[in-house]
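Quick one: the structure is below, questions incoming.
Chains: A, B, C and D, in written order; residue numbering restarts at 1 for each.
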Amino acid sequence: MSRISADSKGVYIIAVTPFKDDGAIDTASVDRMVDFYFDKGTDGLTILGIMGEAPKLTQQESIAITKQVLARSAGRPVIVGVSAPGLAAIGELTKAVMDLGAAGVMVAPPGSLRTDDQIIGYYRNVVATIGEDVPFVLQDFPLVTGVQISPRTIGAIIEALPSMVMLKHEDWPGLDKISELRAAEAAGRRRISILCGNGGVFLPEEMARGADGAMTGFAFPEMMVNVCKLAGAGNLDRAQDIFDAYLPLARFEQQPGLGLAVRKYVLEKRGVISSQAQRRPGAALGTKAVAEVDRLLLRLEKRLAELA
Amino acid sequence: MSRISADSKGVYIIAVTPFKDDGAIDTASVDRMVDFYFDKGTDGLTILGIMGEAPKLTQQESIAITKQVLARSAGRPVIVGVSAPGLAAIGELTKAVMDLGAAGVMVAPPGSLRTDDQIIGYYRNVVATIGEDVPFVLQDFPLVTGVQISPRTIGAIIEALPSMVMLKHEDWPGLDKISELRAAEAAGRRRISILCGNGGVFLPEEMARGADGAMTGFAFPEMMVNVCKLAGAGNLDRAQDIFDAYLPLARFEQQPGLGLAVRKYVLEKRGVISSQAQRRPGAALGTKAVAEVDRLLLRLEKRLAELA
Amino acid sequence: MSRISADSKGVYIIAVTPFKDDGAIDTASVDRMVDFYFDKGTDGLTILGIMGEAPKLTQQESIAITKQVLARSAGRPVIVGVSAPGLAAIGELTKAVMDLGAAGVMVAPPGSLRTDDQIIGYYRNVVATIGEDVPFVLQDFPLVTGVQISPRTIGAIIEALPSMVMLKHEDWPGLDKISELRAAEAAGRRRISILCGNGGVFLPEEMARGADGAMTGFAFPEMMVNVCKLAGAGNLDRAQDIFDAYLPLARFEQQPGLGLAVRKYVLEKRGVISSQAQRRPGAALGTKAVAEVDRLLLRLEKRLAELA
Amino acid sequence: MSRISADSKGVYIIAVTPFKDDGAIDTASVDRMVDFYFDKGTDGLTILGIMGEAPKLTQQESIAITKQVLARSAGRPVIVGVSAPGLAAIGELTKAVMDLGAAGVMVAPPGSLRTDDQIIGYYRNVVATIGEDVPFVLQDFPLVTGVQISPRTIGAIIEALPSMVMLKHEDWPGLDKISELRAAEAAGRRRISILCGNGGVFLPEEMARGADGAMTGFAFPEMMVNVCKLAGAGNLDRAQDIFDAYLPLARFEQQPGLGLAVRKYVLEKRGVISSQAQRRPGAALGTKAVAEVDRLLLRLEKRLAELA
């Protein structure tokens, strides 16, 4: 029943939603996946995000998955994505998942927002809807949402809304944004937790800039766990060695739209989920892409052996 | 239990959703509103559209309103907007409202669609989700959705998906699109019903180009009913006289975002709904705008008297 | 050699660029057009705007037209649109036209701007490029530019950049924006001139909210001149009578993309320009649209006679 | 005086535009840069692209740079970017640079294009403007232009416009697009040259899918030259070894907006240009980013030594 806070750290993995080949939710794989993520050392889970195929789930299914993941996580923190075009749906799902024991919720801005005032106003409305006692993550992902949030606007939200305790940072470029946010804290503003997305492809630099960890779904959570630990221990060179080994694959998995197919393919291959199936509309991985991923996996194994 | 078809004609009014001042659904006003719309001569209703504040309703509320409106409509056709970011929600709501007796559903394209193939593919997925037996309306509203659908793409959808029986036409400019679609029918393509939106501000020209009527929510449905009837009877000049009288107000109500506040204010003033309240986030009508609308209403009354 | 200032008032007509049927610039029509605009009572001209087909002109042509219009305007103020993707082109054209005697320049924001800071930063760069002594107009036209500028951001620009003396206001809805800007002036901020665009379709309300006039290109400048004068004299009802008579046509001319074809067609019909030709890519007015405009012109004549 | 054709192959480097610290064009660096690029084995140059700060140059400067680069290139092919909001500017610059001996021009679609028909129509207008005898490159870069061009639309352009001889491929994801285009050629469509952008971060896979080379500006052209040669010789594993060594830096240089600062910093450090200065508005590389790049350069050197 732990809740996220401004001091949360480590790797919160963005979980996929496992389906059977016929499109039904694969509950056996859900349990296996939760175990896998924690076995690999992640600190928490984030479910029902963009990469969790949330919009393809009925409300009942969303609740059912949340319930199962929470049960299997046995008290470790689980954040639930509740982004929706309307506040009613956000409020409804938030209430349901917080009652079930979620650690907090994550909200991305709707694509229609443009000015700073509109963005700040939106998050005020979100908090008025979900309640001031629910800790929430602001997802800052302009590539997908189309909404650009300046450091000043994030600062205004931090100051106005104490329940905003975490930033899912995936602006691109975004390293200076981390530095700017941390500098404001050094100058007196309250701290927030910053976990980084974007498939992890800037993780060493993000950690060096002051991030608290990663929140993304790369199919090798152990890479992120190791990089975060090594960076945290000041061993940035070793962290980058590990990172570099995975980068060719991480880059491949980060392709917009296609990335989830890569991720699910690798997770199936690793025995985590039974099927790489996505619900409609899901981009299937073609024969050539499968061969490309297989080749990268072989090279990864070889390179890790060299580094061992 | 009537269903829309490619031969549907007349005025399908876009209904507002009446709320009490405290944000609760105002069920007494729902009944009064349905009666008002049909008393004014409209042929059908469309509920849960963008201007019906659909994203502000919980799923339960959406179903409850649909049930009430269908009961009060007593067999006259009611279309339900089911647009959503994910196919699961579209499928869920469609099944529920069709089971309750809706005449069809309306689906706007999600803003991420760009190429012709993506748009056609999306509607294929929609039909695979809701079933081929559910007649649906394609809402073509680039100003709000950001998705531009060429006449050729609409044609491809018409040819691929027989259950697409109606176009809610609100491209702007859009008159040539109507002509082009009708020309393709004259050349042998199957007919679809074309009802026009955009607050009705091009209705006389749209009817002359071959539209079958209006589907929009202007607070004076009698204008649209009269214009459609007069245009249908070939009396385009009288139709335009009526239209011109309402145009200063219609123009004012068509302001994006603000329009719903104008519409609800007028409907309250006309005694149709008890409160102009919108759920959060709703743009309130300021004092100056209220005075502007009041002035336009007085002028409208005077002008209609002159025309009587 | 007059220059615009924060006290500029009246109608600044957005001029078309007259072409011959073969696409060459029609210099005879340029003179006739300038005379026509001033004969109808406008106070100034704005050339090389979006509706002046500026991007279809070579740099030499832009300079040549500016020279000719300035000569023919004989000292009355001419604003030149200088919007471009790069600051170099803005600086180059501004220097050229100010040297020739332009009254000021107009700059719309490039579509890539999103956050308040980006917008303010852009206009800082513009002023650094064109020089602090060149009075400029900020064109606020989100429908076309895609950039939303909040009243707060406009205020920040007003405070930072004294050479921003005029707002071409065409946000939609935009009435409250005028009120908000004027309220800030009442509270002590320096005054700017606000001239309204959007084809003039909100002109009576805009004047009542505190606008200083119109800057748009409706093919009947006399409507805007009369509305501004009557509104300025406090006779808002007569202003609105005139306005309402023209509204069916103004609405038709305001169709995005198509509007310029309507405008040029009417100007040709009124004998102002010799040809309605646009340079490629220009949307031609089809036969049906021509008939629709002709019909609206006849009705306008009749209605004006009734009002005389 | 060579011209590009559908059979062009190899690395066409996207050249930067060297400025002095005071913003003047650094002509000495221009020559040194051209020599550097060809010394490293590139086959041609592309100048005045987005990463060449083209919109920051006056027309005269653009011509002057083209002249100098062409002279120094001594007959090797130089493509010139001519994208502009209006066809007039495209026509003007194209005529000028082709007269000077450019190998062809490159045109990206303006951001307002949406439907397939609009895109195809735009390129028809481009060819009508620049002439059918000028070979041109279609730049397909949705991340920056906002325009998505489906393989089918590219195919329609290939069939309609014989002077479209080359695709600058930087869709993301884009591997399947290459395969689809090559498959259409295998089925009989005429061949085009496909050179890949996106900073080179998918180059090994792109070559394996059938690309003819790279057209991007990574500060180590020798990486791309080697990868293309090794891939061409069938030695994909060695190609990928080289590629992987550079990937951490290539990823860093590919950050939108910031990338050019990284590239110019590295080119200055390599002694190619005298100053990393960009013209306004240019994102400067902060102290932390400089340290990050320096660290990546050291690691690169070490890794290349391991691979030697």
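Keep in mind that, in the parts below, a residue touches a chain if its C-beta (ideal position, glycine included) is under 8 Å from a C-beta of that chain, and two chains touch if they have at least 3 such contacts.
By chain, with names taken from UniProt: A, B, C, D = 4-hydroxy-tetrahydrodipicolinate synthase.
These numbers come from a predicted model, not from an experiment.
Engineer: Using only Cα atoms to place each chain's centre, name the chain farthest from chain D.
Structural biologist: B
Engineer: For the pairs A-D and B-D, output the one whose chains share more C-beta pairs in contact.
Structural biologist: Between the two chain pairs, A-D has more contacting C-beta pairs.
Engineer: Express in whole angstrom the distance between the two chain centres, defined as the mean CA positions of chain A and chain D.
Structural biologist: The mean C-alpha positions of chain A and chain D differ by 33 Å.
Engineer: Give, as an integer number of Å, the spacing between the C-alpha centres of chain D and chain B.
Structural biologist: Centre-to-centre distance between chain B and chain D: 47 Å.
Engineer: If we count contacts the way the header does, which residues on chain C are in touch with chain A in the complex?
Structural biologist: 114-118, 147-150, 152-153
Engineer: Would you tell me which residues of chain B are touching chain A in their complex?
Structural biologist: Per the touch definition, chain B meets chain A at residues 54-59, 61, 84-89, 91-92, 111, 121-122, 125, 128-129, 279-281.
Engineer: Quick one: which bits of chain C touch chain B in the complex? Just the residue numbers, please.
Structural biologist: Of all residues in chain C, those touching chain B are 172-173, 175-176, 179, 201-202, 205, 208-209, 240, 243-244, 247-248, 251-252, 255-258, 286, 288-289, 292, 299, 303.
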